[in-house]
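Okay, structure first, notes after.
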Amino acid sequence: MVHKITGVLFNHNLNVTQTDEFVVQESERFFMRISFTGTCDESTLKNELESLLPLDAKIDIHPPKIKKVVVLVTKEHHCLGDLLIKNQFQDLPFAIQAVIGNHEVLKPICTQFAIPFHWIPTEGLDITQHEQQIGQAIDQYHPDLIVLAKYMRILSPQFTSKYKGKMINIHHSSLPAFVGANPYLQAYERGVKIIGATAHFVTDELDEGPIISQDIISINHTMSPKDLSRAGKEVEKRVLSKALKLVLEDRVFIHQNKTILFE
Amino acid sequence: MVHKITGVLFNHNLNVTQTDEFVVQESERFFMRISFTGTCDESTLKNELESLLPLDAKIDIHPPKIKKVVVLVTKEHHCLGDLLIKNQFQDLPFAIQAVIGNHEVLKPICTQFAIPFHWIPTEGLDITQHEQQIGQAIDQYHPDLIVLAKYMRILSPQFTSKYKGKMINIHHSSLPAFVGANPYLQAYERGVKIIGATAHFVTDELDEGPIISQDIISINHTMSPKDLSRAGKEVEKRVLSKALKLVLEDRVFIHQNKTILFE
Amino acid sequence: MVHKITGVLFNHNLNVTQTDEFVVQESERFFMRISFTGTCDESTLKNELESLLPLDAKIDIHPPKIKKVVVLVTKEHHCLGDLLIKNQFQDLPFAIQAVIGNHEVLKPICTQFAIPFHWIPTEGLDITQHEQQIGQAIDQYHPDLIVLAKYMRILSPQFTSKYKGKMINIHHSSLPAFVGANPYLQAYERGVKIIGATAHFVTDELDEGPIISQDIISINHTMSPKDLSRAGKEVEKRVLSKALKLVLEDRVFIHQNKTILFE
Amino acid sequence: MVHKITGVLFNHNLNVTQTDEFVVQESERFFMRISFTGTCDESTLKNELESLLPLDAKIDIHPPKIKKVVVLVTKEHHCLGDLLIKNQFQDLPFAIQAVIGNHEVLKPICTQFAIPFHWIPTEGLDITQHEQQIGQAIDQYHPDLIVLAKYMRILSPQFTSKYKGKMINIHHSSLPAFVGANPYLQAYERGVKIIGATAHFVTDELDEGPIISQDIISINHTMSPKDLSRAGKEVEKRVLSKALKLVLEDRVFIHQNKTILFE
């Protein structure tokens, strides 16, 4: 397979700068990422590759581009703040199109960065209506990626399935520990010595999507639930930012409920 | 309180080298650790302190000593091996009295280190009988501490309650994640990006005792459950060794289901 | 000593919530930090303590306060951006009074946050004149702390001595490795597998001041000097933020060329 | 190139399970590691590959094997102890042939593991004579790898050049910090907040060889140089073990003074 694929690139005088492969033993699925330089017609290349690969092979060609991102938030600012800074200074290959919040508290910081903020309160709306409005707000920007930067509402399977593989969430714990709400209180009560954060793709099962990145920090007995939360925010910020970088650079492949990272 | 206690030491011409205090807000329990040098009669000192402290105050005076330790194992050697080396070269203030295994595979390594090994197979014994024999083997050494270095049998509340606050276990995951058996397979199937280990005191609730130390390592999609297990063993070794050091140096206070570490 | 000091607080009906002590063996200097609640006259308390402590004892009483901070920058935005966000949302007990830059590129981001920005270019000024202008800009705000958030000019001993113990710098390496400029290029050329950052107090010796905080990240052979720099910025941001928190909470004691951290 | 190489394997019906490539920009050197299963004549395969690769291409074919290792030590036991345990339980694909020490203190532990120990004291020998005896002791075992597990004598360029790319050293600091002796005392005096360890190939420049692995731990002001040393030993053990695993699995490529790790 490697031989066939590289052959096609070779014939197009494309210069391979890096390749990564991985075979998942159980499913015998083969994953490959090739970075190459040079010019050629994308569709031609894709057709040629399709012609010699198995029918069920999935081929994506990604020219380097700035990806369009929509961010969903509730009240916490730490992840959003980091993203707004990185967006303004182009620290990552993305362009934040808009921020959508079910509360209004984060509108001012978005305004400071001249990023449109959509306040979509839940008042007087059932979940379906609310998600419909959220969906409309998102779709008008045709984003490549949706980032839940501490969006604290549970989304319905109907909604999440619409954005399968395109929506990232930052969860405030080292999943699968402390699933659900108030993980820092749970962590405090359990008396753990480390707390973490998990960035994962959103699927219709809450907190069960493919994990992209995780990290932790050490904590101690002197820290209150509030201290844990404050410390945790720093990890959340870091983990989300790292996962986002990997996804924006097309280094993350989803296989069943796991990710393959070609870093 | 600090004033009263230091006053007593002062009157005995004892020289305080370090003090740590902590007040648990919810329970308003006050914890204090004082390191001091100098000589005095222990019981006199204890009596004086008791006389001026609340009736429910718990006072322990620990002259520096090499603590007697009994180790329980099953088949895995990594934690035991590390302890045997540290024991022989006095890397920690402990003296391993004996190793007890429900399998015989680790007898040779103990023999190499001239440490008595008790093989207590479960064959033909119900759990009560087996634990009785284990208990007898332990008690003959009057250990200060019992270390479960990958002892893979679930112990009964009857048994564990006998050694409350004196028995440490190393659990092969960042509790509360992946409670129970086969955590590395669970981790593999969940596709996590970090795995960890947890050292905790053993209580009658499986894997629910006060946590002493935790740490993690990063893993990736290329690693099989076996690779995860191998990587995990290194963390288990490290975490158990760190927790043991803290306990042997009398730096760990148990409060309800948590530990207070005066490092 | 502990006894005497706690006695004074006791007599004032002040409630000690936490104490930390440390004795530096070589110098036999004794350091103590006491957190207490309650009300009393500061100067009276200070006088009483002075009366019973050695003449060379240094006593500081810090009521909780929002500290005034001035930030110096050059062109890099990552540390400043993090500080501006934390300042606006009061994530730390500080209030940024102004930002001073020898270049103008970071003025817009300060303006977005309504923080005064002083552009003090070096053109046509010798170092003494330039530092004089910087000093004037700083002093008008009577800051409790000056933060060099990637200020890339070397400051003269005359200047730094003016702000002894009040000026923090973030250095882009795990000091003492890669002292001086271009540490990421140095790191790249040496082929190290980790890079770090160091937050330290500024003294008249370049990069030699008391270290407050350090951390690292793992890197690999695929990373260019630019990649290292990008990765390093995340660590710099984190380390500076952690050091700042400790200093703002009065947890950092300076002794000779080291810090004692009562965390 | 990838195309050509995989073509040869394809024609031999060899099944590629994993490939890694990397191009060093400056030198334009291309590095590739291919894991494959199947059977073929090694020399035939090598000849075919040589025929279509540039003349200066270096091709190595490594059938999986247990590598023969000789360990050099002085007085410290922590790294040796870990290696002896891992050797006995086959935790790594290596077989320790012998241990050579310039002191005799570690002979007993080797004897416990039934590993030959050669005591080669320096008394009455100049460095050339001593290294000659060490060299003879090493060479009789025809080792694939020589591990300096805290061998504290400086080796001459004449000696090290003999084992170029085959000799690994564990250095007790995060190189390039604290080069040379007594790094923990240096670290103590500088008041750093982290200490580390570095595993590297030995070259004729002291502590300047290609770095394989590095890691650190956090430390604090309460730790004496002795405490730092004790803490450092745990990192040294871990880092050496990790580097050894990578080298034994043929994942480490040396390019000029750096390593390329295909993990």
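Points worth noting:
Per-chain residue numbering starts at 1, and chain names A, B, C and D are given in the order in which the chains are listed.
Just so it is clear, contacts are C-beta pairs under 8 Å (C-beta built on N, C-alpha and C of every residue); 3 or more make two chains touch, one makes a residue touch a chain.
Small disclaimer: the values here were computed from a predicted structure and weren't measured.
Listed here as common contacts of subunit C and subunit D: A, B. When subunit B is fitted to subunit C on its Cα atoms, the angle of the rotation, on a 0 to 180 scale and to the nearest 5, is 180 degrees.
Inter-chain centre distance (subunit A to subunit D, centres taken as mean C-alpha positions): 38 Å.
The centroid of the Cα atoms in subunit A and the matching centroid in subunit C are 34 Å apart. Annotation for subunit C: residues 18, 22, 222 touch two or more other chains.
Contact topology of the protein chains: fully connected, every pair of chains touching. Those residues of subunit D whose C-beta lies close enough to touch subunit B in the complex are 18, 77-78, 81-82, 85, 88-89, 91, 109, 112-113, 222, 230, 234, 238, 241. Per the touch definition, subunit A reaches subunit B in the complex via residues 22, 25, 174-178, 190-194, 196, 210-216, 220-222, 224, 257-261.
For subunit C in complex with subunit B, the residues that touch the partner chain are 2-3, 6-7, 9-10, 16-23.
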